[in-house]
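Some structures to go through are shown next.
What follows is a pair of complexes built around chain A, which joins chain B in one and chain C in the other.
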Partner chain A sequence: VVRCQLSSPQRPLQASAVLRRVSDEQKKEPLASSSQQQFDSHPTDPQPEQEPQGPRPSYTGQGGQESEDYESEEQLQHRILTAALEFVPEHGWTAEAIAEGAKTLGLSVAAAGMFHSDGSELILHFVSQCNTKLSELLEQEQKLVQLGEAEKKPTDQFLRDAVEARLRMLIPYIEKWPQALSILLLPHNIPSSLNLLTSMIDDIWHYAGDQSTDFNWYTRRAVLTGIYNTTELVMMQDSSPDFEDTWRFLENRVADAMNMGDTANQVQSTGEALVQGLMGAAVTVSN
Partner chain B sequence: VYQVFESVAKKYDIMNDSMTLGIHRVWKDILMHKMNPSPGTLLLDVAGGTGDIAFRFINYVRSVRERQLQQKLKHHQNLSWQEISESYQEDKFKSLGDSQVVVCDINKEMLKVGKQKAQHLGYSEGLSWVLGNAEELPFDDDKFDVYTIAFGIRNVTRIDLALQEAYRVLKPGGRFLCLEFSHVSNPLLSRLYDIYSFQVIPVLGEVIAGDWKSYQYLVESIRRFPPQEELKAMIEDAGFLKVDYQNLNLGIVAIHSGFKL
Partner chain C sequence: PAGGVSLRLCSTRVALEGINKPVIDRIIRVDHAGEYGANRIYAGQMAVLGRSSVGPIIRQMWNQEKDHLKKFDELMVAYRVRPTVLLPFWNVAGFVLGAGSALLGKKGAMACTVAVEESISDHYNSQIRTLMEEDPEKYKELLQIIKQFRDDEREHHDIGLEHDAEAAPAYSVLKTAIQLGCKAAIFLSERI
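Let's look at the complex of A and B:
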């Protein structure tokens, strides 16, 4: 078993001080990148039967000089943000929390300067992480259903559980979450936060088994987005034990949404009846 | 270069104000905001002679620290008087929160003026003054959180050496910040700027500081200095990552920033 130690050949002056070799994080063999000329994603590997391990670092700028085995700046940034999350309850979603996070990784507090000073990236990172966790959760549930080990839930139950699971991820940070919401509404953050929100809602509907491609697609997204946002706001002010009030609110809203479909039909048929009545009256009058 | 600054030292600040019509203060403030230092930061200000950056740093950190303490007190609503007075005691001695700035300059005269200014303005703690050469800094590796060089790097003979030294003395995760005159791309402004630089500034130099030649040198050195992208490449060559620059006043001045990652 050969461990190949690679230096960073493209940067003759300095090896990177902090960016870790991706291979350090993995327990199995690192990739053996044969020559520095190969920027392709398939270097010759002395053990061809082994699959490349771990995430492939993205090739960053610097004229494509990053050696394959070093993590990219983005990955380092993600690590810092993840480390910063544990300081959020104390410092809020601020550059200070990021600075503390950087310190735990052994970096200078000045590394927080890489991020926007209002903490936007930290919040977006957190939201994105939560969404990923939710997707994984829903994926696992789906697998269980497919394997026949669990019952397929009815839609309203499914939606309730998904939204509740996602909102529960906010509980450790709930005190500072209103601050986060207001930052997410800042103009320069709206594209990203909206993006994250819509993809999460899409995800939930996808796992709920929504196959429609018609007009309903939009209504369902809009409805669920409304449910999610209002429940989130209720949760901010909820002081009941384990947020019981919030989950009851959620239950009611989902039930409303289910009934809405029926109501729409009713309105339509009432409307038709009304029109027919009017027509009849008009005919009578004209006679 | 040494002699230029020897003769210029005493009138340095006055000349700065008149040449840039006082805008240099704004530039330096913007630099400080960009840095956004938290208490406990160790700053190295190179070619910082008369201490402008250093004083701003201390002010900034002090106000951040005050805000931090206020926040802490807000959370301490339920403490007894005893505990509150105790926390006042210990916080009083840390008004800077362990932040420190080391001002390093190659020129004794500039440092002298800086020290006098500090005394005059009442800055005492958290400041050190060190004589040193940017190309060969008298400090250990991995020491500082932030390295700044404001309007100093164009006077360095070997910029690449200075950048390498900066990389060396910074801690991992540390930040390099450089505030410097740079290239104006807008042609109209460029012409006006040229006229101002070559006609007005040396005259001011003669009138205020009695020194035409030094300011002629100054203006020429600005023209010869590499433009933004080139400086960015040089900083990257020294090993810094996430290197970026911000133009102020359409390029008259630029702030370059890089991280040791």
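Let's look at the complex of A and C:
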């Protein structure tokens, strides 16, 4: 129960404070009482550890501030969304799933009101989590190679494995994933979803050992993005055991990409040879 | 407020601890583009004046630019910065500028060198200022590199003056035009 009257710009503060009270009652006593004190004595000041941001979590790169044991709004939202994932296969990427997730954390169902009604944040949170998991996986593999405990994979194998690992994370949610994809394409979600996609692709290339500093940087990422997106779409419609058709499709696309690279190199060296020939001819003629 | 480390929600980018990524990104991207362009300018000048009396001087300056470019290639990979999309364009534009100025004669080439190197040193100076304002300790290595390169470019500028750049045809017009072009190139490469 909120005892103080709060003005409307602090609604998100109020909402999360209410939720925090509910959840704090279940946490250890000293923490609950200190947080209540903090709240009561500064009714109109923003909570010190909260960033001046809107109620929606941002997926384009703001770190949450953490102070001691006090949970920021962003962290709370993360916990709710993570808990909500369990209910996605049943309820889809919707506010219902978020509400169910909030319930398991002992929070009020109204917590779902913190989020957009179309489930955008849930999906973005999930994608973000998957990307982080992929990064950690690739980082670990890299460590093993550096320690000499594993063989360095050839590039096509590496790309195949990375994309497969990332797509496999969708398997538990595969029924509802087409819905998620369409929501990610909504105009207000495009900046975030594009950002997540590009940083994932960049990560994969980074761990694959890409060190290009010329236009190849773009070509490689564009190609891999194409491979990833098309494979994802194929996976949506794949009904083969353990998605083997999808992985075969992936293998073929990666092989195509490798061939494209070779062809490009061949074209370039042919071009260079041609230019040299012409220069030689010009010199000869001018002499 | 200019970013601290962007982490969790920009999910996969493993940020190098505590640096101001947007600022460093821009700096490395534009410097890489600049050295790349300078390379191509000298290549263009060599194509025309390679066998003349200023050939060796130009070649020497070109070699230094090649070293600069190599260094920025390394920094780009280390800081995971993306190169500017305009690289193919600077490839051609740089060569055309170098060759074009060289066609105006040795003094024309030197004038081009003076103009470009002056722009680049000013640009490096403002980057040094930015980094000093941010945190001279954190960016010590980068600062050292940029200072060294700024000194090299100054040297090129002085060499250009020594070789009668100011006697080039339409020197002040040429210089102004080239410097305007450099400013535009810097503006675009920082962003795109």
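Keep in mind that, in the parts below, the second predicted complex is superposed on the first by the 196 of 287 C-alpha atoms of A that agree within 3 Å, B and C clash if a C-alpha of one lies under 4 Å from a C-alpha of the other, contacts with A are read in each partner's own complex, and residues count from 1 in each chain.
The working rule: a residue touches a chain if its C-beta (ideal position, glycine included) is under 8 Å from a C-beta of that chain, and two chains touch if they have at least 3 such contacts.
Quick caveat, the model's predicted, so the values are computed rather than measured.
Contacts of A:W217 after superposition on the shared chain: chain C is touched, whereas chain B is not. In the superposition on chain A, A:D202 makes contact with chain C only, not with chain B. Using the contact criterion defined above for the overlaid structures, shared-chain residue A:M169 touches neither chain B nor chain C, since it reaches no partner. In the superposition on chain A, contact of A:L107 is made with chain B only, not with chain C. When the shared chain is aligned, chain C comes close enough to touch A:N131, but chain B does not. Looking at the shared chain after the overlay, A:E73 reaches chain B, while chain C stays out of its contact range. Of the two partner chains placed around the shared chain by superposition, neither chain B nor chain C is touched by A:M258. Overlaid on A, the two complexes show chain B and chain C touching the same residues of chain A, namely 62. For chain B in complex with chain A, the residues that touch the partner chain are 34-38, 40-41, 145-146, 164, 167, 170-175, 236-239, 241-242, 257, 259-261. Partner chain B is touched in their complex by these residues of chain A: 11, 13-14, 16-19, 62, 73, 76, 95-96, 99, 102, 105-114, 117.
Put simply, chain C touches chain A in their complex at residues 3-14, 32, 72-73, 76-77, 80, 82-83, 85, 87-88. Every residue of chain A that touches chain C in the complex is listed here, in rising order: 57-64, 127-129, 131-132, 134-135, 139, 195-196, 199-200, 202-203, 206, 211, 213-215, 217-218.
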